[in-house]
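Look at the two complexes coming up: chain A is in both, with chain B in one and chain C in the other.
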Partner chain A sequence: MSYLDDIKDAISDFDEDRGRELAEEAVDEGVDPLDILDVVSEELGKLGEKFDAGEIFLPTVMSAADVVKAVMDVVNPVIEESGGERDSEGSVMIATVEGDIHDIGKSMVASMLLSNGYDVIDLGRDVPNEDFLKQIEEKMPDAVGMSSMLTTTMGRQEEIVEALREKGLKDKIKVIVGGAPITQSYADEIGADGYAKDAIEATKTLNKILNN
Partner chain B sequence: MIEQNYRTDKMLNEEDLKQIHESSMDILENTGVEVPNEKIRDLFKENGAEVDGDRVCIPETLVEESIEKAPSEFTIYARNSDKNVDVGKDHAVLAPGYGPPYATDIDEGRREGTFEDYKNFAKLASWSDHIDVVGGIMVEPKDIPEKIRPQKMVLGAAEHSDQPVFGTPLNKEKAFDCIKLASMLHGKDLIDDKSVLITLVNTTSPLGWDKNALDALMEHAKYNQAVVIASLIMSGLTGPMTIAGTLTLQNVEVLSGIVLTQLINPGTPAVYGSASTIADMKKGNLTVGAPEYAKFIGATAQIADYYDLPSRAGGTITDSLLGDAQAGYESMMSSISSVYSGIDFVLHSIGLLENYMAMSYEKFMIDNEILGFIKNYQEGIEVNEDTIAKEVISDIGPGDNYMRHSHTMEHMQDFRKPELSIRESYEPDKEVPSTVERANEKWKKVLSEYDSPKLEEGIKEKMEDYINDI
Partner chain C sequence: MRKGVSPAENIRLLDDDDVREIHNNILHIMENIGLKLKNDEVLEFLGDNGCEVDFDEQMVYVPSYLVEECIDSAPSSFRLGARDSENDVMFQQGRSYFCSCSGPINVLDQEEGFKKPEYEDLEESIRVGDYLENLDVVWNQYTLVDDELLGLQSLKAMLTNTTKHIGVFNWYGRDLVGKQIEMLKEVVGSEERLRKRPPATLYVEPASPLSMAEEHAEAILEWTDYGMPVLNFPIPFAGATSPATIPGSVSQALAESFLGLVISQLNNPGNPFIGGTWPFPMDLRQGKSTYFAAEALLIQAVTGQMADFYGIPVFGTGGCTNSYFPDAQMGTEMAMTLMGAFYGGETLIHDIGYTGAGDAGAIENTIYGNEIVSILKRQAEGVTINDETLALEVMEDVGPLGEYVATKHTRDHMEDLYFPEFLTREKMEEEREPDKKAMKRVRRKCNDILETHNPEPVDEETEKKLDEIIDEASDLA
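This part shows the complex of A and B:
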């Protein structure tokens, strides 16, 4: 059994600690970190397909994603240190908008994006527009993700998009939106670049709008 | 309103209830709940709770003392006193669907709700023989600015219904405005000695409270207005992956809210509420049409009874995306469970599709028929000399039929006549419209013929002035 096979097993066993340990050992033993990344993203891709087909349950995907994240946390710094091109898909800043404390969906999205190779800055929930915009301007992520569960907070998504437009950032930063009352047509209406109904779709949509 | 003459078997036995109760008390006392409001934390502290940061741990004695003070039944007063509603008696008080952002019908399809839709649903709810309380977010009127949306909804409901009002307490100011407007319906400036509206305040699971929800709850308690305190926990997502665990977590959260109402104003009418259910673990979607949800409903009725508090759970609800057979069988199951298990206040009793996402004109009519079925069932069987008809049976004897007997003539109007269902026999050349198509025809007819109960002179203007000044 190779380290790569063992790491695959750790993912299917949802064993975060073992995943981390194996990744550390593999790197020490000289296994190419890029090969490790390939393996974990392949595994996650397979799970995503099974999830879409309704063959596996959501907690399975979320737990597997946590192992993938643990492995990536070990491997990514090694790639960076060695001056290699780390395989980041891009950076995403994500938040549940002002006035809304529903963050379970947003956290699922953050977790899936992380395990799919994105750098994720999760600002949490009930994030005031002002703070959100300040963070965006400071960090200049490739994309911004917003979630609203309430019809009364949907408007914040539009306000952020509008503020990005006013600041001349709208063309530089892609916007993806989601949440129970949000639809593709609402996303189109407010000028968001993408909409996703769940965490798996969020990754796909983001891949598409960032041309990954 | 539906009389509850026949209750179903108990979902939980005495030992089950005791286990849930004891575990809840343990969690309340040792784990506590998060309360993001300093004033409320101080109030808890003064009354013997342990406070550490945002966390409030409530001892069992405080829970018990507080529950004692909460009424087991109360009245919500309507602008027409014939329509006053008692909550906590042996009947189910029914209120329409609450919260959907979308309106839908088979002509126009699904779209964002408008104030026009809202007023239409107020009329339909008032027309229904089963619905007792009108208002709340029957559909979100997106064409009304957020700042005055709850206030306009009170006015929109009150203009077309003389029943008690359901408020929409999104924060302190909006809660106050709704109470103020409901008071105006009674010709008063501000009523604080009886409930003139009822409203819904939710916990934030697990074990938390939203600051706006807490403010709204405080406002209601302050003015002695009825409040439903509810958890919407999704097993496996925001609660344990078991029904018993979710019921326990719900109990902790709801009791923390009930205690709070009584600390603010002892005697405030508070309803033990639940919308907790399972999530579909394949995709993590909220699931209200599952048989497991019916178990939550039954168990919630029992747990509320255990504390001698009025209960809220259930509805006539479905996960179905359209008015099809799934919508029918799921809605019948949740509705039956709500009424038969003895739930006192049934929110979401009419109109909803796709859990709480859409208010459907056709589903409204279908649910009205479902409620009619359940009401008829709960009326039971009248047994006396006349209905046993011993003499009639002897008169007719064997072989003949009963069609022409005077007893038949006297009683032939007794049975419920269907308002939507068909009982005709098959004819090869006759096209049969589907239930949804018949429902479509029916709601249009009801709306075109509906007469709104007049508001007393000057009241509407006063309410409008108040809203315009916001």
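This part shows the complex of A and C:
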């Protein structure tokens, strides 16, 4: 068995620790990190397709995504150091907005984007506007995704869009929004580039607005 | 093998004394009030076997000891055969099974409305019944009113469009039942196999109050000569054709039903028998017979408890509605009647898909009913208490504000949860989209089943023989 096969097994066993260890060993042994990345993306992609088709449940995708993230955390820095270029649909920074602790919907979107070939930077939940904007300016992702589950926090989405506009970043970075109280018309109103009602639609919307 | 299912707990409304009171009521009705039986041949048979008979009045009085003997000799479990042995039913009192039923003289398409059924409609309803996993016994859902040989045509449609156990209506007495038996024999191959794995249950219906028609009485004799299961199910409308009070109505109904028990057991001791009680009183404000009532659950539970006391399976009623539309009334009535029959402990629960209080059959409703049964089956699993289900460890791991979705504990148990196919949440944004209604999903499913599901056919030779038997029978009509 090769490292790549073992890593695939770790994903299907949902074994995050084993995935991380195997990735470290494989890199040490000189396995091409781009090959590792290909394998994990492909595995997660397959699960994403099955989820879309209603064949498997959400926990399966999200558990597999946890292993893939662990592998990527090992592999990505190595690729960057060596100046390697990896295939990617683009980079997305994603967060649940300030004052809002709802995590699951946002994590679902992150997992599905990951499984569809995006680089995902997940800032977590209850992310203060200030931190969010700082991270955006630092990393300059292709797109920013914002989630809010409450009518009392949806206003943060508008504030972030406004801040991006003021900083002259609005044309450079696409914005996609979602969450229970959010609608297409709200997205239009605040000037977001896209809206998605669920994790499956999020990928489609993002593909569209990034012209992938 | 289909094995039935029972809820974690039945609804029980009677104590032991109550059960005994109803039992004594039934014995008293049968021995002292008597039942009208309009068939001299069967009266003679009953007279020869210990019943008191009045030929002038065409009345039979069954002594209590004989009723008790028949109750004892009737089996509480038996095998219902099917064309495909995978679909054989291990049928037993104490578990529930589900079926559609025949009778309505209209087809109701939830979008197109009514039409008169044709033979092809019978076939479609049977194919859908064959497909639905929760239907253990299949029936054609409509009656071909203009066809004088409708009993035989229906039977052919069932024999050629499902591999499950089927229900057979009796319409014309001994001669036509004989033809039905001939057709069954043709399909299973021999009389021995007919007895061993009977492919059909005969449905007969006494007329309330306290009467059985000539053709039904003799049909039971003919049918039980072959040891096949018989079902004698009265439809009293409490307040009109039975007492308005539930214990009185159920007692009368079971006495009516048990006349069939007595005929079957005296003719063939140990013959499989299914009794039962109709659960919907008359709407006395309007003088209408209904297919739903607030009291249904009470009657179903009392009947289920009596079935338990006797160890005799009963025909239950659920999944039907007074409504002609895919509306709130339909959903409420279908679900509540199915729940009452199931939690009440009735055995073979029928009428899934009856609409408009029996005016029409709707296969879309049957498909929807199948999902309600899936939900009942999930509930039947009950709740298991152990360290794994109490889940302290995973709570410790996840902690406050964590999430359970991507944990092993959730993965281990996610398939315990049942996710409905039709009763789902569909997010709608700016406007309500009618296309996302549950019954729209049901309709798409229905089209899909009709397009793709084709049960194993019978061979051409057998089908030809069936047609010959029907041709020969045409002078009986």
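Operating definition for what follows: the second predicted complex is superposed on the first by the 150 of 212 C-alpha atoms of A that agree within 3 Å, B and C clash if a C-alpha of one lies under 4 Å from a C-alpha of the other, contacts with A are read in each partner's own complex, and residues count from 1 in each chain.
The rule is simple: a residue touches a chain if its C-beta (ideal position, glycine included) is under 8 Å from a C-beta of that chain, and two chains touch if they have at least 3 such contacts.
This one's a predicted model, so the numbers in the text were calculated from it and none came from an experiment.
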item	value
First, second, both or neither for A:181, with chain B first and chain C second	first
Partner chain in contact with A:140 - chain B first, chain C second, else both or neither	neither
First, second, both or neither for A:198, with chain B first and chain C second	both
Contacts of A:65 with chain B and chain C, given as first, second, both or neither	second
Partner chain(s) touched by A:57 [first = chain B, second = chain C, both, neither]	both
Partner chain(s) touched by A:152 [first = chain B, second = chain C, both, neither]	first
Chain A residues contacted in one complex by chain B, in the other by chain C	57-59, 101, 104, 108, 198
Chain C partner contacts - residues on chain A that touch it in the complex	14, 57-60, 62-63, 65-66, 101, 103-104, 107-108, 183-185, 197-198
Chain C residues within the chain A interface of the complex	401, 403, 405-408, 410-411, 414-415, 427, 429-430
Residues of chain B touching chain A in the complex	101, 140, 142, 146, 149, 170, 204, 208, 210, 212, 236-238, 281-284, 357
Chain B contact footprint on chain A (complex, rising order)	51, 54, 56-59, 99, 101, 104, 108, 151-152, 155, 180-181, 198
